[in-house]
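Chain nomenclature is as follows: A, B, C and D, assigned in order of appearance, with residue numbering initiated at 1 for each chain independently.
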Amino acid sequence: MQIEEKFEPTIVAFCCNWCSYAGADLSGTNRLQYPANVKIIRVPCSCRVNPMFILRAFQRGADGVILCGCHPGDCHYTTGNYYARRRMTLLFSMLDFLGIERERTRLEWVSAAEGAKFAATMNDFVETVTRLGKNRRLEDLRCNK
Amino acid sequence: MQQVIRDKALSLLEAGKVDRVLAWKEGEFFYDQTPHVFKTAEEINRSLVYNGFSAANLSKYLVKETLKDGMIAVFLKPCDTYSFSQLLKEHRIPREKVWAVGIPCDGKLDIDRIRKAGLRGITSIREDGDRLSVSTIYGEKTVAKSDALAERCENCKSRKHIVYDELIGSEGEALDSGRFDAVEALEKMSPEERFAFWQKELSRCIRCNACRNACPACTCEKCVFDNPASGIESKAPASSFEEQNFHIIRAFHVVGRCTDCGECSRVCPQSIPLHLINRKFIKDINEFYGTYQAGENPDERAPLTNFDKDDMEPADAFRKGE
Amino acid sequence: MQRIGVFVCWCGSNIAATVDVKAVAEALGKEPGVVFFEDYQYMCSEEGQNKIKNAIKDYALTGAVICSCSPRMHENTFRKAAAAAGINSFMVEIANIREQCSWIHKDKVSATEKAIVLGRAAIAKLHLNAPLTAGESPVVKRALVIGGGIAGIQTALDIADAGFEVDIVEKKPTIGGKMSQIDKTFPTLDCAACILTPKMVDVAQSEKIRIFAYSEVEAVKGFVGNFNVSIRKKARYVDEVKCTGCGLCTEKCPQKKVPNDFNLGLDQKRAIYIPFAQAVPKIATIDADYCTMLKTGKCGVCSKVCTAGAIDYKQKDTVLEEQYGAIVVATGFNPIELTKYDEFAYSQSPDVITSLEFERITNAAGPTGGTLLRPSDGTHPHKIVFVQCVGSREDGNGCGKTYCSKICCMYTAKHAMLTREKYPDTEVYVFYIDVRTPGKNFDEFYRRAVEEYGVHYIKGMVGKVSPENGKLMVRASDLIEGKQLLIDADLVVLAAAIEPDKSARPLATMLTASMDTNDFFTEAHPKLRPVESPTAGIFLSGCCQGPKDIPETVAQASACAAKVIGLLNKDKLTCNACVAHPDEMLCNGCSTCEKVCPYGAITYESKEFRMPDRTTRIRRVASVNPAVCQGCGACTVACPSGAMDLHGFSNRQIMAEVDAICK
Amino acid sequence: MEQKNLKETVLRISGVNPRKCMKCGKCSGTCPSYDEMEFHPHQFVYMVENGEIEPLMASKSIYRCLTCFACVERCPRQVEPAKLIEAVRLTVIRQQGQNHLKPDAIPALLDEDMPQQALVTAMRKYAK
């Protein structure tokens, strides 16, 4: 019998230092499992995440990118996540417009107390991206094969 | 109109009001005009042109031109004034060094469209009201002007001059245009169809940078794609990904600054409908955050430098489209 | 090229049980630039830290990557260790392989793989790290308090008490604010003046406090520790030094028809006036809009009667420039304008009054000498209707406010109780939607009004007040009995919503302090930093931040003072090292970044540049004040040319991490 | 119609969101027909939100509302009770045979003091 190798997606998670990174730590402290596919990059605030970083991740082979920040109104820098929300809304909508699967990008608000939410979000996201399979479209957008 | 503009340019120059005049000059072909800075009356009389092919948005060139000493006069079509106003808002042009002359525009012509109508060997085109007399090596033909208009002019958003020092002709109005129809049609497609569409279009990109060089919003001192220190430098495509990266980032960098002048698509040698990417952003902004027209109001906060506590989430934006 | 040391921590078995630490150390040892690697049981221990210090010295490391617990735990520990070994503390990067790896995974193979990737990302980032030094800025040891109500007074007194100089700027001729207009205070019913005026005197007598009354803040420049403030002292037409406050001029002035704003226009004052007997500073002020001398040049009575020779009709506004280390906003509140509430007939009948007007009418120093009389005919009202929530808790589309004004339930209970106490023959009705009395002894107070004083509390709202034959016909619903009531009242008192003072909005712009849509100042954190503005060095005291009663205001004022004292106590401020910085050669000067900065840290300046083609050019470029920047990075993304970058989290550093993870 | 459908119909016709109500009773405090009504304006809001539409439909109250819009004007939260009452009335009238005012009944109503406009309005309001 041939064993089909399971697709393991590469997931990049940008987490703001004050809420979501702490939320991720908390899910660790509480030993809440989520797949090892998720690798977290710490940024000071969700508003630090440049659309360039997200495209870069896809370019270098990421299959899903998720951005986590403080809940609206709770930003450590008061307004950062509001700007991040607008930027990501427009960027994600654009990727969708270009025909990229919309499930590959996500914006979530995770507070420092929401360890469980962080783990659940990551589990769900990994599952969704695994179902989508390898991210080829962004790569293939130009190659008219 | 060409004579009126020449006279205006001559009188401004003669009166010493300006030292230079930025306008259109006949290029290699009659339909291929180029922006030019005129310094003498003789030059103006010889080669300043204004007709259906004077399409270039001149506002961008002021960024470099105003670095020089002296005053410069510029002729701005209604849609160009939006770009000019936006550049003023961004402090890219010192207002006091520019004498802006607003000129009327009833739509620019698209030579490719005329050719596609089956006309070959075109030697000259004369505008005759709403008809065009086309001289070809095979004889005289006529075409309805409406069939020869550039896409951006068919969907003209405004005939209003936002900012000027003097106006030739009369003040126009902002128009109701169907400029988002094409975006909407794409939105209605399935993701696969959209992907196929953009794959077909973007595959043709040769990274000539014409879109960036013509865009009045792309006036950065140094573009991130040219800057080795930016980390995303890519002067020439190194991988297949670079083009979409380039076009997405370029469009993102002009979000809230793009006035939808359509220069990107006009200058694209591969005829990629790049304006659709910008229009998608504009349409989203209008729907998500309220109507916003870049360049219209110098005091208004741009959508990305503004927020509302109840702004929608990205996921809701998708849901809205369904 | 960096010389990097990799240190992998076991954290006892916390990491080592799920991650093969030796394999991680060895794998990372093969990365470019890594010249040393080691694993150890507890890197954060004294021994572990010594291992790091020794390796830095022995192998001339330029940076260290520590694979351990979350940077939120021990980043500082390791940074200090690195600094102790002689390298810059920002040359340390942490790979979080405990909270974000070993604790969430069970499979040792994938956990080890992930730990290696996280380590690689940290190494990739560290390659681009540069030594950072946090800047320092000096602190001017003086505070400015804007607003001289009870909030400003309390803050100023507390700061002065700690030995720092304080200036109070008050736009009215006297400090005291709203509390000076109030008769009694809930829930103790002691008289407001009796507890406020001693504090006002303390302010006047403090050597540390200067009062700029009848003055306004005109411009604010600078940043935390170093504010430059322009204060406009408006012309009083009275020499502040010479005036003794005897009040003779205010008795002799022939212009008697000036609406008395201190009594909310319920009576009249003279054109030269002292707002009330206990005013601080007790100096007369001429109202230029009414003074005959100033308007026509004919009169001069006050000048003649003034034995001190203090009257100066030629006085002009003066603008002072002062320096402060901290600024306290205490601009307070006002009741909202009720003219649009036609249904309550506020504009139609003088007998429909606001609660603040009711305070003045019942105040012994007020227009009626403290006797409760109707403004229209000076008779005793025998039936009084109090209406709560007028303009509060509305849906926001009308003329009212969406929030609960918080103080109305309690002062209405107080008014009702005091009325019943002094005039037992008066029937008192209070129409309420909810009675909200959270506070020490508050509910007991309200119950006393009902149980001991027999105030009629009716659940329901007044729909219409119509003046008819000297009475006010009040149509209202009693929701509990299910009945519509028609009451022939003599006096109707409206508990008007309170709103921030109108001067707050322009002030917020000057201070680059943020405000909410209701024009209340936003706090740096709604729970944990309630008395600070997000803008460093700006502090919030009293109702400018949200509706508050007196005890809460005083508590907040003192808390605010504590924060100010903490700041002024420092000789120098250490700034955040991870700040934004523009590459001036790339900057377009487009002002986009400035707009998203929540701290107002970005300004623009025109600078001369030598261009590559050897010409010089004056260019408008952004400049970040590192003392103000908090390092959020909003500007870095707003910048289209990539000129703005963030120390410690640069574009290239983050992209290097992305690349390492996606490889 | 079922309970849920009835509520949806009323909400759809009226465009009102009864959840915005903070139960202050200003609508009923202001209503000139209060004493004529079995259910008062604030009760309409409360009962619609609770889905109790049938008792409202059966009540004469829906014909006692003068549509003076005082409650709409004065509601601090812009709930607009009169529009709910109107919607309940329309739900009744739109059922077959439920016209509240029939043309035959008009001659009996005619007298010198009755303005014609009132009759026209009443026809519009009480009949399909």
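Methods note: a contact is a pair of C-beta atoms (placed from the backbone, for glycine too) under 8 Å apart; a residue touches a chain by one contact, two chains touch by 3 or more.
Treat the numbers as computed from the prediction; the structure is a model and nothing was measured.
Of the two interfaces, B-C and A-C, the higher number of touching C-beta pairs belongs to A-C. The mean-CA centres of chain B and chain C are about 46 angstrom from one another, to the nearest whole unit. In whole angstrom, the spacing between the mean C-alpha positions of chain A and chain C is 35. Inter-chain centre distance (chain B to chain D, centres taken as mean C-alpha positions): 57 Å. Chain D has its Cα centroid 52 Å from the Cα centroid of chain A.
Contact of a single residue of chain C with at least two other chains is seen at positions 596, 638, 651, 655.
Contact with two or more other chains is made by residues 224, 232, 304-306, 309 of chain B. You'll find the chains touch as A-B, A-C, B-C, C-D.
Considering their complex, residues 20, 22-31, 34-35, 40, 42, 70-71, 73-74, 76-78 of chain D touch chain C. The residues of chain B lying in touch with chain A in their complex are 183, 186-187, 191-200, 202-203, 205, 224, 232, 239-245, 248-249, 251-252, 255, 277, 280-281, 284-285, 288-289, 303-309, 311-315, 317-318, 321. Contacts from chain A toward chain C in the complex involve residues 10, 12, 17, 21-22, 24-29, 31-34, 36, 39-45, 47-53, 56-57, 60-62, 73-74, 76-80, 83, 87, 119. The part of chain C that touches chain A in the complex is made up of residues 70-72, 96, 98-101, 103-107, 110-111, 113-114, 117-118, 121, 514, 522, 524-526, 534, 578, 596, 598, 630-634, 636-638, 646, 649, 651, 654-655, 657-659, 661-663. Partner chain C is touched in their complex by these residues of chain B: 67, 90-92, 219-224, 227, 229-232, 253-254, 257, 301-302, 304-306, 309.
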